[in-house]
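The following pair of complexes shares a single chain, subunit A, combined with subunit B in the former and subunit C in the latter.
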Partner chain A sequence: MANHTHAPAPLGGSLFTPFTLLLGTLSAIAGVILLYRLFYGLGAVTNLNDGYPWGIWIAYDVVVGSAFACGGYAMALLVYIFNKGQYHPLVRPALLASLFGYTLAGASVIFDLGRWWNFWHIFWPGYAQVNSVMFEVAVCISAYIVVMWIEFAPAFLEKWGLKDVRQKLNKLLFFFIALGVLLPSMHQSSLGSLLVIFGEQIHPLWQSGMLLPLIYLMTAILLGFAVVIFEATLSSTGFRRQLETPVLAPLAKLMYGLLAAYVVVRVLDLLLRGALGSAFAATWQAFWFWVEMACFVVPLATLATDRARRSAGRLFAGAVLLMLGGFLLRINGFLVGYMTGEGWHYFPSLAELMVTVGLIAFEILAYIYIVRNYPVLPAAQPATR
Partner chain B sequence: MDRRTFFKASLAGGTALAAGAASCPAQARETHPMPPEAVGLLFDSVLCVGCKACVAACKQANGMPMEFSTKDQYWDTPLDISGKTLNVIKAYRNGNMEAKDREENGFAFIKKSCMHCVDPSCVSACPVSAMQKDAKTGVVTYDKDACIGCRYCVAACPFGVPRFTYDSPTPQISKCQLCIHRHKDGKYAACAEVCPTGATLYGKVSVLREEAKRRLALKPGEKTEFPRGHLRAAEEKALRGAPEGKGEQRRQGWQDDGAQRYPGVAGQYLQHVYGEKEFGGTQMLMLSGVSFQKLGYPDLPPRSDAATSETLQHTLYGGLIAPIAVLGALTFIARRNVKHEDGEGGQNG
Partner chain C sequence: MIETYIDETTEAAATVASRLRIDRREFLQFCAATAATLGLPTGAEAAIAKAVEKAQRPSVIWLHFQECTGCSESLLRAEHPTLEKLILDVISLDYHETLMAAAGHQAEAARKSAMKANKGKYILVVEGAIPVAQDGIFCKIGGHKAIDMLKECAADAAAVIAMGSCASWGGMPSTDPNPTGSSGVADVLGKPVVTIPGCPPNPYNFLATAVHFLTFGKLPEIDQLGRPKFAYGRIIHEHCERRAHFDAGRFALEFGDEGHRKGYCLYKLGCKGPETYANCSTIGFGDVGESNWPVACGHPCIGCSEKGVGFTKPIHMTAQLKGMSPPASYPGVVEQQGKTSFASAAALAAIAGAAAGGAAMLAKNLGKQDDVPAPKKGE
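Let's look at the complex of A and B:
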């Protein structure tokens, strides 16, 4: 079953390149801004206001960022639950990207919390308020971060030569893998449920009510597949390795099926709620809705055949479009379609943007460091140099 | 083999999901009812003269700072509720503004402060119980020592009430708490206490609702009396007036004089008590001659968003039944598949 011809191995190579130095600089800028925020408050660095109490640090860093970090979840679902062993080589790199995506999303939330020193209240009986969707999201994401570190531990244990610890962990790993599938299913759907209580403050194009969890869950898995294709393509180009297209093409087929199902659910929901009419109004919301839908519908056409899915270029373009679609669905729901009354405006400040950029830079930097030093990517012959 | 496992996995997951969905009717969460002793405010836009005494009194009673919106910072001029202002009076105006309480070519005043919803979104949204609804009085309170500053309450409130002090490194939520800190001294909401015309009236919601209905039944121009301050139920007043009712004042903890009355003339009202049905009801009720949407209040359905949100959460997570069932199924499947790999002696992680 599993394609184990190439066991994971460290890539090696230098950590200091112009690219990593750029990433380091961007991370440092974000760090300085965050420090400033701690001393002078959210208002000093963000454009947040009472009409838009949530900005990109929530809508992008957490809601989009964690969805982009669903590669590990989607791969674990495929390999360990649906027993598709041929995708096994994709698990570790995907899990690593997820690990960083989630850990940093979780860490960045702390800086968005106004009263961050109280954050532990969420986990504390007496404070914890279990009816809150936010409670579910926070607890579930935190638990998943811990689970992912445990799931990824074998890579570290291999490197450090801790054989017996690794063997003991291996015996229990199936349970953490199960948790690692359950927890993202819960909080990725709940990220959609967050919008339910906003009621009519969310534009009808995105206020899907009881279907929000399904819509967010389906797109999270979809994004997981897309991100794996995206990252596999980028890391084979970036690290000059052979492209994993033979594994990616069948993966794309599964992704395609899910995409078709998602588009049907999304359109049916809009039709049944009678919300589709508002897509033809001359509003920004309608405009961004069509852009979002195009990002899902175009890959439906370009990735329709097996042949198309074997084309690395098409596959990459399709994955990028799906990521953009998932990004827009979330940004539209949380910001573009959030209507809180006249007179409120929000566009992220430069400082806010730089924090988000720095966060992404740090994620990539950490990813590069780990794959160069720990066994993550399948050992493979380098492609022609 | 592969396909069989695939089906098994799908089946187990589906069964677990169905189990969760089946518990749905039991988990449905209705909109909460009004606490019987609920207290609140009745705001009558027709009686309001726009003097803003309530804005000043609110600031004083709650120790809130001044807020400036004019170039020369001569006096407290808040434009809206904010981190520094819990209550404002706003003006509606249209055309030449020649008549009060008229939608066209008219003007009107409207109060903006916490509605003290019967089933508040902020309380349901808050992950750390910083927002609470008092079981007896129904007052929606805020505890900054519990708050993590996530601002889900700010985003969730359909009235845009909870506000946040973004400019502080130790920020907090600001919202009207109906002067509960004054209750122990036998005092009531400062805005109602100082209102010269009784446009803002404090009392039990049941009593306020009766008063609102009485006003709506009056013919415009008809002579009547308007209460001012703290409106009490007839039987409470009777007890207080009776010789044996002497102790009643102490028993109820009243330090104030209760409602004063003055003669007046009924205005032209819309036949609508805003807050009676909206969003499952609010403990601030409002009367007006101008449509509430024109005054900045949303047209809300009778079902609260908190009820919808919690129905969803309880359906999926009630008693953790569905998550545990799904986890069981996943563990079973994962164990089988991981073992399978080990059997082939592969490197896996």
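Let's look at the complex of A and C:
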């Protein structure tokens, strides 16, 4: 399947650059805040209140974070299920980004639990509430994190020269790859289902009821593709390698089809539920709804042709817009459109923000460390410029 | 197995329903409610349904002494249409001064014949306290003193149930200075009996005790004061719907104040829930759901079922907390509804700006490299 010229290899190079030092500092700040939170409680660090029991640590770190980490899922779906071998070089880097996205999303949940030392209860028979969507999400995400580490293990095994283990794992890998496609399909849709039980507490623009699972699943795959494009472009420019546009352009075509289908589903749902009227009210919700819709509709226009999709600039801008759209859909559903009663409001505290920023910084830092030291990115010739 | 049990229950229910001319569903609801009141596991309602179906109907002799008949009233005036029918169906009420048609010597004869016919098998229920001062002359029925009548009837009874606080421990008639020497059944007989205290007690607590006897052939487990554990095993406070307010330090300070209107804890108005053992807070009164019991209505519990509390302590005297201590700290009474800090808003704006700027610059730079040749088809 893997073309020889595309075989992954470590990038090498120095780990200490001004950029990595900045990332390290941001990660350290987040670490200190989290340590403080573990000892002094959520109230000491966050702006959470009785009306808003969750904030950006759930809405961004978990819900958006895991959706941004769907690159590995989307690529595995494409390469292994739809057998599109030409995208294989994109799988490993995508998987790596997903690995960190998910692992940190899972870890973030612990920091958001009031009594975090009880976190293991959800996995313990007798404590677990097996009828809850939250339970499904927790178990599924945890299982997926383990599966992804196994899926990614060949990269470590190659580096450490453990050929025997590698060969044995190869025989079993198909099973984990299948799980790696099944599990995200389950929990990414369940993240939408979480909003179903909130009923009228969710603004009509985002309370799609039984369509929520579909909407969240479609955008998760969409985000997966967008993130692959985003991350491939960034690592090409960041590490001064040749752009992967020839592989990305056909991928963008698939993404475009899915995007069109999503916009149709979303708009039809709003029309059929009669919710579109509230988009014309003078509210913050309506404002953010239009920004969100613009992020999905603009790429629909700018990426319409093959020629447009071969332009690295347009492709990158489109991918960023889609990521922003998916980000807003989730933030809008979980925070902006989440109305728990008169007088209650929520805006993240500086400490909360710094944790999220630090988490992202840590993800990028770890990504850089791994691709420099382990075979992840396809061994390609440097950009000719 | 589940099917057989459902079939048997359904069959039993159908028999009882046709006998009593009540709805089958109502009967099954009664069985389930009784099983739940007794705290019995799933399947017990089937056993109850079968026991009621057999209609062995134990003979019951019901004595009234120093009382107000409130306990009988609470049984009969239950709003649930099937309750009184069921009481009269599951037991054979052979002597009850308020309810029996017979009067005078006829009534006495009915009691004597029932005692003779069911010797050692009948259940004796006592309602009201027994005066023992001055040889017990303060209460006489048909020329017999209460104390003699009780001893006579208790001698051959299979079980004695003291119904209400008066019969259980003296109740209201025994309030200091207690000139008649009112006493509970156990004190007079000198042996422990099953007591169902309360003024009046919840009818379901009596009914559940009777049904337990009918279903399992013995009375339910009792505590050292003779109270069935299923009903009196916990203090009211433990399951009170206002408990969260107690824990949060939110109290009504006087009737009609803001806290009272908002349904805060009545502890500071003298609620005796923290020192009274009963299940009022879980099953409510009058078959209209949990909203109907003193605390739900906005009045503090007076501890009517608890000796040394009800009719002893002043109603608005603060209760002694049993088996609990106040939390080390209270959350704020007024919750902050959310705050926004300038620093975080500025930081968020800066991050968003930097991300947007970076993305735009990168897209622009990438746009300059777009003269990459188009890939050949099929690549």
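The rule is short, and it goes like this: the second predicted complex is superposed on the first by the 379 of 385 C-alpha atoms of A that agree within 3 Å, B and C clash if a C-alpha of one lies under 4 Å from a C-alpha of the other, contacts with A are read in each partner's own complex, and residues count from 1 in each chain.
Heads up, the rule we're going with is that contacts are C-beta pairs under 8 Å (C-beta built on N, C-alpha and C of every residue); 3 or more make two chains touch, one makes a residue touch a chain.
Not measured: the values here are computed from a predicted model.
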Original post:
Superposed on subunit A, are subunit B and subunit C clashing or fitting side by side?
Top reply: clash
Original post:
Taking the superposition as given, does A:A317 touch the first partner, subunit B, the second, subunit C, both, or neither?
Top reply: second
Original post:
A:T25 contacts which: subunit B (first), subunit C (second), both, neither?
Top reply: neither
**OP:** Go through the superposed model and pick first if A:Q167 touches only subunit B, second if only subunit C, both, or neither.
**Re:** neither
Original post:
In the superposed arrangement, does subunit B or subunit C reach more residues of subunit A?
Top reply: B
**OP:** Return first, second, both or neither, reflecting whether A:N49 touches subunit B, subunit C, both chains, or no partner chain.
**Re:** both
Original post:
If you stack the two complexes on chain A, which partner ends up touching A:V357: first (subunit B), second (subunit C), both, or neither?
Top reply: second
Original post:
What is the contact status of A:S132 with respect to subunit B (first) and subunit C (second): first, second, both, or neither?
Top reply: first
Original post:
Can A:S185 be said to touch subunit B (first), subunit C (second), both, or neither?
Top reply: first
Subject >> Contacts of A:S349 with subunit B and subunit C, given as first, second, both or neither >> reply: second
**OP:** Kindly classify A:T17 by the partners it touches after superposition: subunit B alone (first), subunit C alone (second), both, or neither?
**Re:** neither
**OP:** Using the superposition on A, tell me which residues of subunit A are in contact with subunit B and, in the other complex, with subunit C.
**Re:** 49-51
Subject >> For the subunit A and subunit B complex, residues of the former touching the latter >> reply: 1-2, 4, 7-8, 38-44, 46, 48-51, 53-54, 79-85, 88, 91-92, 112-116, 118-119, 121-122, 126-129, 131-136, 138, 151-152, 154-155, 158, 170, 173-175, 177-179, 181-182, 185-186, 189, 193-194, 196-201, 209-210, 213, 338, 340-341
Original post:
Which of the residues in subunit C end up touching subunit A in this complex?
Top reply: 335-341, 343-345, 347-348, 351, 359-360, 362-370, 372, 374-375, 379
**OP:** Show which residues of subunit A lie in contact with subunit C when the two form their complex.
**Re:** 47, 49-52, 86, 233-234, 237, 243, 245-246, 249, 307, 310-314, 316-317, 320, 343-350, 352-354, 357
**OP:** Report the residues of subunit B in contact with subunit A in the complex, numbered from low to high.
**Re:** 2, 5-6, 9, 13, 82-83, 121, 124-129, 144-152, 154-156, 158, 160, 163-172, 296, 298, 300, 305-306, 308-310, 312-314, 316-317, 323, 326-327, 330-331, 333-335, 337-342, 344, 346-349
